[in-house]
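In the two complexes below, chain A is the common chain; its partner is chain B in one and chain C in the other.
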Partner chain A sequence: MEQLLDIQGLSVEVLNGGRYYKAVEQVGFQIGKGETVGLVGESGCGKSLTALSIMGLLPETARAGGRVLFRGRDLLSLTEEEKCVFRGRDISIVFQEPMTALNPLVPVGRQIAEAFLLHHTGSRAEAREAAIGMMRQVGLSRAPSLYWEYPHQLSGGMKQRVVICMALINRPALLIADEPTTALDVTIQFQILELIRQLNRTLSATVLFISHDLGVVKEVCSRLLVMYAGLIVEEGGTEDVLRHPMHPYTRQLLASIPTAQNRGRDLYSIPGAVAPLDKRKPDVCPFSDRCAQASAVCFSAAPALRGLNGRRVRCFLAGGEAIERC
Partner chain B sequence: MRTAAYLIKKLLSASVTLAIISLLIFGVFQLLPGNPATIILGVDADPLQVQALSEELGLDAPPLQRYARWVAGLFSGDLGRSVRYQVPVIELIRQSLPVTASLAALSLLVTVALSVPVSIYLAKNNNKKLPTFISALMQVGIAVPSFWLAILLVMVFAVVLRWLPSGDFVPFSQSVSGALRSLILPAAAISIGTTAVVIRYLKNTMLDQLSMDYVRTARSKGLGKNKVLYRHVLKNALLPAITMLGMIAVDVLGGSIIVENVFNLPGIGRLIISGVGNRDFPLVQGLVFYLALTVVVVNFVVDLLYAAVDPRIRLK
Partner chain C sequence: MIKKAGRNTNFKVGAILLCLFLILLILSLICTPYDPNKMNTQAKFQPPSFQHLLGTDNFGRDIFSRVMKGAQTVCFVGFTSVAIGLAAGFILGAVSGYLGGPADEVIMRLMDAQMAFPGIILALVLITLIGPGSVSTALALGVTAVPRFCRITRACFMQIKELDYIKAAKSRGASVPRLIACHILPNMLSPLIVTATLAFSTAILAEAGLSYLGLGIQPPQPSWGKMLFEAQAYLLTNPWYAFIPGCMITLTVLGFNLLGDGLRDLTDTKTL
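Presenting the complex of A and B:
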């Protein structure tokens, strides 16, 4: 498979009270052309920061290190002007909040056309044609009249379709979907997931799908990356990871998805929370304080991400007998 | 259709407001103790004179009839006759309004022309040294009282440098450039304070807007920081500033009493002083109505501007 994105040793430091804290560390993964990869983890694990550093859209209080190679070119080393050229053309992003993602004072169609005009030398009429075409493609009915409507006249699901239009109108090679369905209600959620899956096929767009919800990710992704406290803790094919999770964190994430099996019972929730940035200890396993299986070794050193049966896992105990069941 | 409905609604509410204001003004002037004729002429006046003035002012009729007469007068542009000047009140306002209105227009123009670019600059360069210094300067601009600033401006530009006249308004009918020259210093005295306030406000709304999600979306399309500011943020940030500019407009149109007096401008502010000082009861009543009218009209214009810019209001 042709490699599209190759992230090597990505770190993101966040300024907090005059000090920089590592919020993302040693993140490395590849995405092949046409692949749909899921990036999963709870709030504060660094998945959105990872997405923003690929886009070059980190807030001014954060800085990225390492390399983000897109078609062999390091995006982190680009100037702001160069970033403006690839943003929206080669890589696009769909954010979580469709309700506030659009400018309330500009007709939605114009906002889509703007994205087209930024990367095409065409007339306004051509941009409008392209926008209306894209609106039809993402299943927005009566596109020509909808073009002139304002965000407040659209429902949340329609707005997210508009945002997706905006992201895809330039046929980017990579689409980052950062929690695209989290703010939507369940039926709309399903429609948007279906849309992303279908666009991945028809436009052969590569998708990096970010979510805190394993249940959602498994619907669209062929491969999974699990992040915890700024680190990748597990990586593998979706089926494999879901069937045989190797990292205790992944197992606990799986246990907290509502399914037919655990219907009627209290939903499992992982005790505790991710340690805040200033309380993280670099020399122990980051999950040790919430892990039921943690043994002495987990508190003595930080585990490395190691290959295991064609997958990767960051746990001392993985592969051993101790954690076959939990 | 919805836009028309919005306009009609706003127009109706403006009319109702005016009707209530007219009642209030009339009512308050009724409550003033003593006969207006006695107040005007003084307690030692000849009772016959008081009687004559009462009749002239129409004070002998019952209140309801007087209110009806006053309102009918408002509709035909008749606000009564000034006791002091012996000319119709509407005539006095007509003479003073061009001065005050052009002062207001000039001050607003200067305020907008200065505050928009400066606040864009400040918002773009937040946290840097020079902008922080400018922001501190704005605080001074807000704190300095306009009468002191007016006197300072006269001292520097009229007395020492002799660039501009210190007063003595030249009517527009005589010389447009002369009139404008005599308005520059007063407009500066007013707009330094208003500009500082608007910059502070506009800069903060722009910074708020810059952290909004739609800005991030626009940036993710490939728009540069500046383009996002001009194409997306500015319009959103100006929206709340319209209200503020409206308030400033009302303030200046009501006649800046202090500034008009320092520069000896024959505007509404001076007329108010004269009306109150001379106990010119019809003049004061007419001016109060004029002030109320400016508030209602400016608010209506603000509503129109809002509707023009914001589809959420226009299409609700």
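Presenting the complex of A and C:
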């Protein structure tokens, strides 16, 4: 499969109180053309920072290292002008919060048309046609009149469709969806997921889907990356990872999903919390302090991401041989 | 919005006062009852009558005509100084708020230095340097208004540039000038307009003060502040002469202040 995005050794450092802390470390993965890849992990594990560094939208207090190759070009080394060209044309992003992702003073249609005009030399009328066409495609009814409406007149689900419209109007090769359904209620969530799946098929868009919700990710993604404390801890096909999770973190994450079987009982939650940036220890397993299976080896060194049965996992205990030891 | 404006007393009273001011201004552009500078020594200190609606001054000039002409001066100085202050303040504030870092530090310390200096004294120094007159008055008052606009612009920029829709616009590939013109500026218009309205009234007051001191508008060009100064000598014998320009200054400044306050209440979007 042709590689569209190839991230190598990406690290993001965040400035906090005059010091830089590593919030994302040694993140490396590939996304093939047409694939839908999920990136999961709890809040604060570096998912969004990874997405923002692909887009070159990191806040001023953060800096990225490593390489982000998109069609062989390193996005991290682009100048500001070059970034303006690829953003929105080659790679687009849908943010989590549709309520605030739209300028309150500009009609929604014109915001979609703006995205079109920034990358096409067309007239305003053409941009309007394109915008209305795209609005129909994402299932917004009465698109021509909706074009002139302001964000406050739209519901949350409609706004998220508008945001998706904006991201897709230039047919980007890669769509990054950063928790696109988190702020929506469950029925709308399902519709948006259905829409992303359908657009992935019809527009053959490659999707990097970021979420903290494994239930959502398994609906749309063929491959899964699990992140913890700025590191990728497990990677593999969605089915494999969900059926046979190798990393204890993934296992516990799965155990925390409410299902019909554990109805009425207390919901399982992973004890503890992700260590804050200044308390992270680089020389032990990052999950060791919350892991039920942690053994001496986990506190002695940091595990590397290693290949195992066609998947990758960052755990000493995975694969059987170490589990017997503990 | 219009309904809300109708219920806001500040806004209503301010708007009415300014409408009266505007009517006076427009009429003065068409014609005045007398030539405002024509002296008539036979008709000095006439009390208000049908011939001279507001009486005549110490040179026998028609006060009503001079008040009308004075409105033009007020308007010129107000608009020019606010325009200068707004333009310079916006550019400095935008650079400061958008870039941050050393540029922000340098600009803000310069503004602090200027604010530490009393505005009217700074204006006096500037006028002494470039010479009195309506243009230099407007320029001097414009310069003193810069920090005010600079600070409000900076604050708005710092707040708005972090918002999601700015990030979203960036992710579409919008360039920085486009980001500022289409997405940041429209969202900070209301505080800017309110500040401009209030700065207008400050400018009127300062112009009257400077003219009173003899450094602002030069005779025979009519100015309310200058009229007040001239009337001072005859306060006991002809009180209405001082009363009229004083009233005009008070009402106009009051009008702008009330309008500014009303606009601030009306455009306050804390709930958004």
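Observations, loosely collected:
By our rule, the second predicted complex is superposed on the first by the 320 of 326 C-alpha atoms of A that agree within 3 Å, B and C clash if a C-alpha of one lies under 4 Å from a C-alpha of the other, contacts with A are read in each partner's own complex, and residues count from 1 in each chain.
In the analysis below, a residue touches a chain if its C-beta (ideal position, glycine included) is under 8 Å from a C-beta of that chain, and two chains touch if they have at least 3 such contacts.
All of these numbers come straight from a predicted model, not from anything done at the bench.
With the two structures aligned on chain A, chain B clashes with chain C. In the superposition on chain A, no contact is made by A:A64 with either chain B or chain C. Once the two complexes are overlaid on the shared chain, A:A143 sits clear of chain B and of chain C alike. By the touch criterion defined above, A:A101 reaches both chain B and chain C.
In the superposed model, A:E114 makes contact with both chain B and chain C.
Of the two partner chains, chain B is the only one that A:Q153 touches; chain C does not reach it. Of the two partner chains placed around the shared chain by superposition, neither chain B nor chain C is touched by A:M246. Only one segment of chain B in 25-33, 97-105 or 277-285 runs into chain C in the superposed model, and that segment is 97-105.
55, 57, 80-81, 84-89, 92-93, 95, 97, 100-106, 114-115, 118-119, 163, 166-167 are the residues of chain A that lie in the contact sets of both chain B and chain C, per the superposition on chain A.
Chain A makes touch with chain B in their complex at residues 55, 57, 80-81, 84-89, 92-93, 95, 97, 100-107, 114-115, 118-119, 150, 152-153, 163, 166-167. Put simply, chain B touches chain A in their complex at residues 212-214, 216-225, 231-232, 235-236, 239, 309-312, 315. Chain C meets chain A in the complex at residues 100, 163-165, 167-176, 178, 182-183, 186-187, 272. Remark: chain A residues 55, 57, 60, 80-81, 84-89, 92-93, 95, 97, 100-106, 114-115, 118-119, 163, 166-167 touch chain C in the complex.
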